[in-house]
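Think of it as A, B, C and D in the order they're written, each chain with its own count starting at 1.
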Amino acid sequence: MDLYGELILDHAKRPQHAGLREPYDVEVNHVNPTCGDEISLRVHLETVAGGAQDGAPVLRDVSYDALGCSISVASASVLAEESLGRPVAETLETYRHLHAMLTSRGTDPGDAEQIGDAVAFAGVAKYPARVKCALLPWTAYLDALARAGADISAASERPEGA
Amino acid sequence: MDLYGELILDHAKRPQHAGLREPYDVEVNHVNPTCGDEISLRVHLETVAGGAQDGAPVLRDVSYDALGCSISVASASVLAEESLGRPVAETLETYRHLHAMLTSRGTDPGDAEQIGDAVAFAGVAKYPARVKCALLPWTAYLDALARAGADISAASERPEGA
Amino acid sequence: MTTGQLAAQPLSRVEIGRIRADFPLLRRTVRGGRPLVYLDSGATSQKPRVVLDAEREFYERHNAAVHRGAHQLAEEATDAFEGARETVARFLGAGTGEVVFTKNGTEGLNLLAYAFSNAGAPGALDGADDSWARRLRLGTGDEVVVTEMEHHANLVPWQELCRRTGATLRWIGVDDDGELDVARLDEVVGERTRVVALTHVSNVLGTVNDLGPGSPVVAAARAVGALVVVDACQSAPHLDIRPLTAADSGVDALVFTGHKTLGPSGVGVLWARRGLLEAMPPFLTGGSMIEVVRMERSTYAPPPAKFEAGVPMAAQAVGLAAGLDYLTEVGLDRVHAHDQQLMRHTLDLLADRPWLRVLGPPDPQRRIGAVSFVADGVHPHDVGQVLDDSGVAVRTGHHCAWPLHRRLRVPASTRASFGIYTSLEEVDTLAEALDRVPGIFGLAG
Amino acid sequence: MTTGQLAAQPLSRVEIGRIRADFPLLRRTVRGGRPLVYLDSGATSQKPRVVLDAEREFYERHNAAVHRGAHQLAEEATDAFEGARETVARFLGAGTGEVVFTKNGTEGLNLLAYAFSNAGAPGALDGADDSWARRLRLGTGDEVVVTEMEHHANLVPWQELCRRTGATLRWIGVDDDGELDVARLDEVVGERTRVVALTHVSNVLGTVNDLGPGSPVVAAARAVGALVVVDACQSAPHLDIRPLTAADSGVDALVFTGHKTLGPSGVGVLWARRGLLEAMPPFLTGGSMIEVVRMERSTYAPPPAKFEAGVPMAAQAVGLAAGLDYLTEVGLDRVHAHDQQLMRHTLDLLADRPWLRVLGPPDPQRRIGAVSFVADGVHPHDVGQVLDDSGVAVRTGHHCAWPLHRRLRVPASTRASFGIYTSLEEVDTLAEALDRVPGIFGLAG
């Protein structure tokens, strides 16, 4: 089954950076109504002082408690791994590319340069009912960012080169 | 057109015993909701005293104001002509035979012995949407009888020989 | 709107012939072998083969409960259903999130009416955007406005809403020509008006109510912040209704029904502004419209799902989409031009028969799709029966617009109504069949 | 009921083969050419060819707006629609005047729930027989009872009814085996209970709730004069439900849905006692359900018309009738015996796999149509995905019964459900496909 690659199964079994941690700015709880799965997710942002990035937020911590299928748990794990410590703007860029790949119905194979381990979810695009699973942690993440006051408008732009 | 026999057209143009008259016991107003046509109908009953029919009601007068299609107006006219002055029980008998004919979809040609001029409505049975037209005055009549205290249970019995 | 569309060519004889060949039922004969002349499309349209094929293909290849289930068929069925929503959205010039599937036009109008009474239940507007939510609050002293030409489907639900909430029903009158009495609008629409619900096209008279830019009714409603609800059941099959959903149209919600628009029975469409749908409390509740369900309390999905409880009529939605595509492929400008040609021809032929009286505006350009008339001295149902005997199918009665008939001082009427497949020759047959009436009923014909 | 029906023979291999040949979709292949194994009939059933043909025949030969119009097609369409009502009435063992067509099961349950809140509007019960009317009055302090195993369609409408009226929702609990906790019934059903709404068969567990003579739930409801509403969506395709409508059954209203009962989507059925339907105020209002309409006020037709506003889903009703006839021709006793055989086989095969846990009663005779299970350590959706990859279509999630899953302390489950066309071999394929799960997800299989 092309859906359950080793990377996904590994992340699902041993989710990275799991567990809800302190300190945090905002905690959100998101549910997938079709299956009842849930994720609680916290973000902790810090603002860069000085330099070209002056005032831009950085993701100091993202922690979560995910109750769900292998796809959603693995996706939360990859989210944390790919995003932790990075400027928020870059994580939004990752989201945009990931979203484009997931909703491409398989025509966009994804690019590891842009989305790192998240390319493992390329197979999900062929199963529309599972796209929601992979997106659940990301939707929670965007919501948490917005509530923490970050500008997430870039998330809805079309990704470059798409 | 087999529907509009001469007898029906005559009755429709010159409805017999039309107009609301005094004295009366009860007046009812019935509407056909699909077309909006209406009939107001009055009955005046008298009770036979003595003899074999002692206590049985007789239709002393039936008067009406019918606003409707040729079938319904003609039916009201025939109702009045066939029923006026007769024992209520006999008019119920007429009704039962007429009802059986009208709802037979054309298999029951009707019998002039039993329903008199109402046999002219035999053609109506082939047009289910018009059966309501022919029945409208009769339904009003039954309702008026019931409100006037007459026993109309015989109306829902199956007609003899049917 | 009307003038622009008139530039299009009416359908040619050959085109109509080609279209007719797509509608299997039109080959029927009736009443002892007479070819069917179907002039009752205002009641329900016939269906082109593509609609029937689309439904059947869905059942034979993709049938599954949509939005439920993790298997391939469920994916395919969901895609088909959501694809149908996209087609409807395109037909309306709207977003898919603004398109709700209902069972018919009537359900859509009831759904809107219940939104006002349900909004009054405790907590029903919690979290709703107040700019929309406050427009849903309705109570004693508030007013609901309809018109005297409404189909019962756009009248009775508002009467019942007033019964539930204590609001008062008011209405815009109709003049002798069957036009809305807009001169006296300010006596009807006022500060307490919360909603103005009116039809785009009268199902009896064919009158096209002005809902375009500068429409007096829409302007009056907007001036007092009342929601504008449009019944587009009769216009959708004949007119491009996209202007009504344009951002600045002033229309807030609109309803049409599948079975009059070349689609199957059992499916209708409600369109409303996204913000309104978000603020409106749910109507039918159950599966597929929820977010979280607990025994104590449930929360609801965003629209359109919020208004589509239960397994939906997926096959019918797919069929409707095929029907709408059929209409747009012919082109709604040409469909409208065709209708105008039929209208002129019909009015001409009826005018030749002085014993007939046409209801509604004499100007064919003011009308769409339907002509109702009365023969003085002969009941409309008797007229219809003679036509039926000639193979001509029309509707008789009050056509679910009883107050309008009362206003025009006729108990009922006979209505001929058109579809995309109606030919000029069919109107000729109508006229010939009508000529039997004076003889049968002894009129001076 | 159950024991009597078990006397019938299950369907033979040859019979099932013959039945399968009647269902075009079952010839589908999925996921790269695998034969489809459709074990999701609890979500929606597939349709036999006779159903599709009946619908198409209606559209191609008789399509017209029913109950409207004076022409031959309108007569034929009305006959077809009312004929369908007769078939449904026969299927239910009820009178045609007690059969209301709805769009799905959900609408039927909402219609009933709204009857209670609409009954509170001024004048809504005028003229209604008081023995029924007083049972529709619901206010603060009154109670509505459901169960913890309800489908959302028989839970959320009652929650919303309570919101609208101020009544309190109470529920009969479920024990660890998925059986109703009837021992504590008297703590739930009491003097203030106005309605008890419960499912005949759980759509998750297949549990058959006892609604026959001596049913504790029905008896408790009757004792306090509460109306009994039964959700028969899951039982209608598998069981003879006529005992529920018998004069002395104690059941007052019942709902089932067409698309699970071999019929098309877009049609459902509400049955209720004639007196109740007469007392209930209308729900959806508009055309065809009226008696007299004036701008000021309208009066309504007797049931069932009162509850069928607008142009109805005539073609779908005709299709459903063909589906019900198909079921009764096979014989519901044999359909039930067939289901029992599948149930035993499925439970046996699942019991052989200790890494799976079946939800609900272990006794196959207590169950109908559906088996839900969980694999500890693997999410139900992942299980379902592996099955899908093997061509086996099941449903995963909470199956619109979220509170039940919470009660059984599982977030979700995987459900295999059966239809008249399901074969024992398909259950074997399910078991084989399940055996891939431990390997893929690294369980000790």
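Assume a residue touches a chain if its C-beta (ideal position, glycine included) is under 8 Å from a C-beta of that chain, and two chains touch if they have at least 3 such contacts.
Not measured: the values here are computed from a predicted model.
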Any chains in contact with both chain B and chain D?
-> C
Per the C-alpha means, the centres of chain A and chain B lie apart by a whole-Å value of 79
Return the distance between the CA-based centres of chain B and chain C, expressed in whole Å.
-> 40
Distance from the mean Cα position of chain C to that of chain A, given in whole angstrom = 45
Note the residues in chain D that touch 2 or more other chains, in rising order.
-> 68-70, 74, 290, 292, 381, 385, 396-397, 402
Expected list for chain A, residues touching two or more other chains, is 34, 127, 130
Between which chains is there touch?
-> A-C, A-D, B-C, B-D, C-D
In the complex, chain C touches chain B at residues 378-382, 385-386, 389, 396-398, 402, 405, 411-412, 440-442
As the complex stands, chain B meets chain C at residues 1, 3-4, 9, 13, 34-37, 67-71, 127, 130, 133
Chain A partner contacts - residues on chain C that touch it in the complex = 67-70, 74-75, 78-79, 290-292, 301
For the chain C and chain D complex, residues of the former touching the latter | 24-25, 28, 30-31, 36, 38, 40, 43-44, 46-47, 52, 55-56, 59-61, 63-65, 68-74, 103-107, 109-110, 118, 121-124, 148, 151-157, 159-160, 163-164, 169, 171, 257, 259, 264-267, 282-290, 292-298, 309-316, 381, 384-385, 387-388, 392-397, 399-400, 402-403, 406
Would you mind writing out the residues of chain B in touch with chain D in their complex?
-> 31, 33-34, 127-130
